[in-house]
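Heads up, there are several structures right after this.
What follows is a pair of complexes built around chain A, which joins chain B in one and chain C in the other.
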Partner chain A sequence: MSMSTIHDIGYRHYDGKRLGRAYTVRSLFVHNLRAAYGIGRPARAKVMPFLLGALMLLPAAGSVAIFAFSKEESALIRYSSYTSILQVVIAIFVATQAPVLASRELRFHVVPLYFSRPVGHLDFVLAKFAAMAVALLALMATPITLLYVGGLVSKAPDPADQLLRFLGALVGCVLFALVLAAIGLVVAAFTPRRGFGVAAVIAVYMLSSTFVGIIQGLAESQTNFALAGWAGLFAPFNLVDIVQVRLLGAKSTSVSIAPGLQGGVVALAVCALLVAGSIAVLYRRFRKAGLS
Partner chain B sequence: MPIIATQGLTMRFPRVTALDDLTVSVEHGVVGLVGANGAGKSTLIKILLGLLPPSAGTASVLGLDIARDGLRIREQVGFMPEYECLPPDVSATEFVVHMARMCGLPPTAARERAADTLRHVGLYEERYRPIGGYSTGMRQRVKLAQALVHDPKLVFLDEPTNGLDPAGRDEMLDLIRRIGTEFGISVLVSSHLLGELERVCDHVVIVDAGRLLRSQAVAAYTEVSGSLTVEVDEGRDELGRRLYDEGVVVRPEGRFLIIDIAGEDTYDRVRDGVAELGLRLIRMEQRRHHIEEVFAVDPAADPPPSVPPGPPAPPGQAGPSVERGTGR
Partner chain C sequence: MNATIAMITFRAMLGRRRALLLFALPLVLILLAVGLKVTGLADLEVSTGVLQRFGLATLLPLLALIAGTGVIGPEIDDGQIMYVLTKPIPRQVIVLTKLAVAIVLVTAFAAVPTLLAGLLMSGMTEQVAPAFTVGVLVGGIAYSAVFVALAVVSRNAVTIGLLYALVWETLLGNFAPGAKSASIQQWALSVTDVLTGATTVKSTVDLAVAVPLLVAVTAVGTLLAVVRLRSLAVASAE
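For the complex of A and B:
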C-alpha cells in the first residue's frame, strides 16, 4: 500500500494536546451552524439558505432606499413587524434547514460515531439546538439591523426611540429563533427522510397558522376578541408577537393579540415550555439513535 | 494488564439473551471476536464502549471500569461500526477532521492527523471528493480512518470486511495487521468468518449464542499437525494406491492426498512414488490446523453440524478440515 511511496515515514503517534468538553461542544456548534448554511458541503446545499437570506434582505434594502429618497417615515418597515411580515420565507428556511441539522445524521447513522467518542448526549443536543437558533437569528436579525443602520444613515427622526425599538425587535428575534428552532428540529428529527422532513415542517406551520386564523375569524365575528387573542398562542409567529406586543412594547402585527400583561406572560411561558420540551424530546431521540 | 476483561457479563433484551455470563480476558495485540450473526458481538462492543449498561456482570477496558469510566474509555478507544455511518455530501477529509475534533484534537492537529490517517488507510486524491461517490472499499477505509484519527490505544472494528470483494478483503486484513504491529494499537476485530481472522489475529475469542466457546492464542489453534498435503497434476489415485500398498496411512481429499507422517521416510516414499510413476508434483507441505476445526472437535460445541459453521478455507491453502469429511 503506502509502503510504495518513498516519503512514507510510517505511523506517528499523537502526543499533542487533547482539549476538553468546552472545545468539543464549540466545534459541534460551529459544525452545525456551517451545515445550516451549507458551508463545507456541495454548492447545491448552499443555494436554498443563501437564496432565502437574500429574500429576507430585499424588502429591508428597498425600504431603506425609498426612505432615503422620499424621507417619508412610513416607508421604513417597523422592526418588530419585519419577521411576521416575512414569516413565509422564514418558515421555508426552517423547513429546508432543520432537517439538515436534525435528521441528516440520523438518516446516515452518523450519530453513534459521536457517542462512541467523549461527546455527551445533552451537549450534542444543545449544540445542535443553539446552532439552529443562531442560524435563524442571523437570518432574521440581519435585515432588521440593515433597516436600523439604513435609517440612521439617512437621518430618520428620533434616534433614541429608534434604538429602543430596534433593541426590542432584536430580543423578539431571539425569541422567534428559539421557538422556531424548537418546533423545526423536533418535527425534522421524527421524519428521517429528507423530503418528508421538509413537508412535515411546512405542514406544521401551515396547519397551525390556518387553524388559528379560522378560529380568530370566527371568534371576532362573534365579537369574542379575548378568545381570538388567546388562540394566537397556537401559531408560532403569533405566539412570539404576543410577547413582543405585551412585554416588549411593540405595535401589533398579528390579527389578534392575547389581552393584558398576563397574555404576554402566558405566551412567554408557552415559548419556554416549547424550548424545554423540544430539548427533552431531542435528547431522548438522539440517545436512542446512538445505540442502534 | 489485560486490555479487555469481562466478568460474568450478561445482556438480556426483552426477547433475547445477547450475552450469557461471558467471562474473558485478552492482552494487547490483535484480537479476533468470532461468532455467527446474532452471537452477541456487536452488543459486546457497545457494552465495552460504555454505551449500553449490561444486565449483569462487570467489564474493564484498558483497566477502566465500563460502568464508572465510560467517558475516559471513549477518549482512548476508536470504533468502526459494521453499518454504513458516513454522510454522503461531505468529503472524507472534512468528515475525518470533524471526527478528530470531536475527540478534542485542536484544529491544526485534527487536520494533520486526518491527512496522515487517510493516507495510512490508503485514500489519496479521492479524499477531497464527497463520500457519496465512493466504492464500498473506500467507504470502509474512511470508516477505519475516523476510528484511528485520534490515535486511540484500542480500536473496535465491527465486521470490517463486510461487503468487500476478495481483493478488498485482503487489503483490509493487511491493514488490520499493520494497525496491530506497526501502529502499536490494540485491535478487537469481529467477524463471522473464522478463516480470515486466523491470518491477522494473535488471539481469537469465539462466542456462540452469547456464551464463550473458546478464547485462545492463534498459535495454539494452528499448530503444525502430523499430516502432509500432497498435490499432483494427474494420477492422484495411482500415487495414493502405491503409498497405501507401502503401508502409509493416506486418504484423498479434494484434489489432494492427505498423508500421516509416520517418520522421516514418509517424505522419501512420497518423493520416490512421484518420481517412479512419472507424475508432476505441484505441492507437498506440512498441514496446519485451522481454527475452524475447533467447531468440529470441541466437546462444548453442538453435535457435528451438517453445515460447517466456518466458511470454506480461502483458495491457495489446504482444503477444509478432515474431520468434517468434506473430501471425496
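For the complex of A and C:
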C-alpha cells in the first residue's frame, strides 16, 4: 500500500467561459497579419512593408493623375496587368515578409510554446497562411482599387465595363495572393537563418521567371508557341496570368500564355495543387518543430 | 587577413543545409546550358543571351547578395560579432577577411559555373566564355563590397540590396536608360563587351568609364564597412 497522498492546497479551477477554437484561430490570424506589416513592432520592422506598399501605389497614383489631366484612356494602367507589371516589388514583399511569418518562431525555437496550449497544428498553419495571403491581397488590391476609384471620379468612359474588369482583376489578385503565399511560406519555413530566408524566396522567384523567360524566347524563335505557352506554368506570375487570361477574360501581359480553355483549367489546377501542397508541407514542418 | 575569422565565416556560410542553396542556384544555369547543347539550340546568340540574362543579371546579383550580406549580417544581428570585435584585431582586417570570403564564394558559385556553362554552350568561340567569366568576377567583387557595406550599415541590408538589384537595375532600367547605365551590372557587361568579339553583347557604358566606377564602388564600399564597423552599436536580436 502506498503512503503517498494528494493534498488539496487550494488552487482554484477555471470555471469561466472557454473561448474555443474559432477564437484561437482568429487571434493567431490577427497577430500574424499585424506582424506581416510590422504593426505592434518597432519602427524598423515597419519601414520595409510600408515602403513597398508605397512603391506599389506610386504608378497607380501617377496613372490616375495623368488621366485626369489628359483624358487619354491609354494613360490608365489595365487592372489585370498591374500585378504583373509590378511583380518585382510584390516578389520583394513576399521575400521580406514570408520569413517574418514562417521562420522567426522556428529560428528561436518557440513553436512548442504555441502547441503547449490548445492550439491545433492545422489551425496554426491555416492562420499563418491566411494572414500572409490577406497581407498580399491588401498590397495588390489597394492600388487597383485606387485606379478604379480614380478612373470613376475623373469620369473614365464605359463604367459598367470598368466595374466588370475591376472585379475580374480582384479575383485575379486573390489567386495571386494564395499562390505567392504558398510558395513564400514553404521556402521561408525551411530556411530559418536570418537573411537566408529572404534570399531563398527571391531566388525561387528570380530563377523561375528568368528560366521560363529564356525558354519562352527560344520556343517563340522556333515558332513553337504551344511550348512557350505551357512553359508559363512554371513561373508564379505567369501561371496566375494564364488563369486571368483564359478564365477571367483579361488581356495578356505575360510573354506567352498557354492555349485555349484547357490552358486556364490546367493553370488553375496547378494553383490549387500549390496551395494544398504548401499547407500540407507547412503542417508537417510545424508539427515536427512543435515536438522538440 | 585572419585565417580563423575566414574559417569561421566559411563554416557559417556552408554549414548544414545552407550550402544546398548555394549549390542549387548555379546548378540551374549548368542544367540550362546542358539542355541547350543537347537540343542543338546553343548558337552564339543564344549562348550570349543565356550567359547575360541568367549568369550576369540573375545569378551574380543573387549570389553576391547571399554571400555579401551572409558573411557579416547574421553575426551583427544576433550579437555574436562582439566576440570578434573584442579581440585585438584591427577592424579593417575583419572587414577585408569577410569581403575576401564573400568574393571566394561568388567566384566558386557564380564565376566558375558561368565559365562551365559558357564552355559547354559555345566552346571558345569569340572568347565568349572567358569574357563573361571575367565580367562576372569583376562585377562580383564590386557587388560583394557594396553588400558587405550594406550589411554593416543597415539591418534591412538584404531588402535594400534586392531593391537595388531588382527595382533599380531591372525595373527602372527598362523604363529609364539612365538608371540602366548607373548599375554594376552594366559596368561588368562593359568589361565583357571589350573582351569578346560577339556582336550580341552590347553594353551602354564605355570601358573607360566602367572600370574606374567599378574600382571606386569597391573601394568606397570597403571603406564604409570599415568606418561603420569601428563604431558599431550592437543591439540585442529582435
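Operating definition for what follows: the second predicted complex is superposed on the first by the 276 of 292 C-alpha atoms of A that agree within 3 Å, B and C clash if a C-alpha of one lies under 4 Å from a C-alpha of the other, contacts with A are read in each partner's own complex, and residues count from 1 in each chain.
Note that a contact is a pair of C-beta atoms (placed from the backbone, for glycine too) under 8 Å apart; a residue touches a chain by one contact, two chains touch by 3 or more.
Bear in mind the structure is a predicted one, so any value in this text is a computation, not a measurement.
When the two complexes are overlaid on their common chain A, residue A:T191 makes contact with chain C while staying clear of chain B.
By the touch criterion stated above, A:P118 is placed in contact with chain B alone, chain C being left untouched. By the touch criterion defined above, A:T24 reaches chain B but does not reach chain C. In the superposition on chain A, A:I92 contacts chain C only, with no contact to chain B.
By the touch criterion stated above, A:F211 is placed in contact with chain C alone, chain B being left untouched.
In the superposition on chain A, contact of A:L291 is made with chain B only, not with chain C. Contacts of A:A45 after superposition: both chain B and chain C are touched. Contacts of A:G16 after superposition: chain B is touched, whereas chain C is not reached. Common to the chain B-facing and chain C-facing surfaces of chain A are residues 41-42, 45. Across the interface of their complex, chain B is touched by residues 1-2, 10-14, 16-20, 23-24, 27-28, 31, 40-42, 45, 104-105, 108-110, 112-120, 290-291 of chain A. On the side of chain C, the complex with chain A involves touching residues 17-18, 21, 24-25, 28, 32, 36, 41, 46, 49-50, 53-54, 57-58, 62, 65-66, 69-70, 73-74, 77-78, 155-159, 162-163, 166-167, 170-171, 238.
Residues 41-42, 44-45, 47-48, 55, 88-89, 91-92, 95-96, 190-191, 193-196, 198-200, 202-203, 206-207, 210-211, 213-214, 217-218, 222 of chain A are the ones that touch chain C when the two sit in their complex.
In the complex of the two chains, the chain B residues touching chain A come out as 46, 49, 51-52, 71, 74-75, 77, 79, 81, 83-90, 94, 98-99, 101-106, 109, 113, 116, 119-120, 122, 130, 146, 150-151, 171, 174-175, 182-184.
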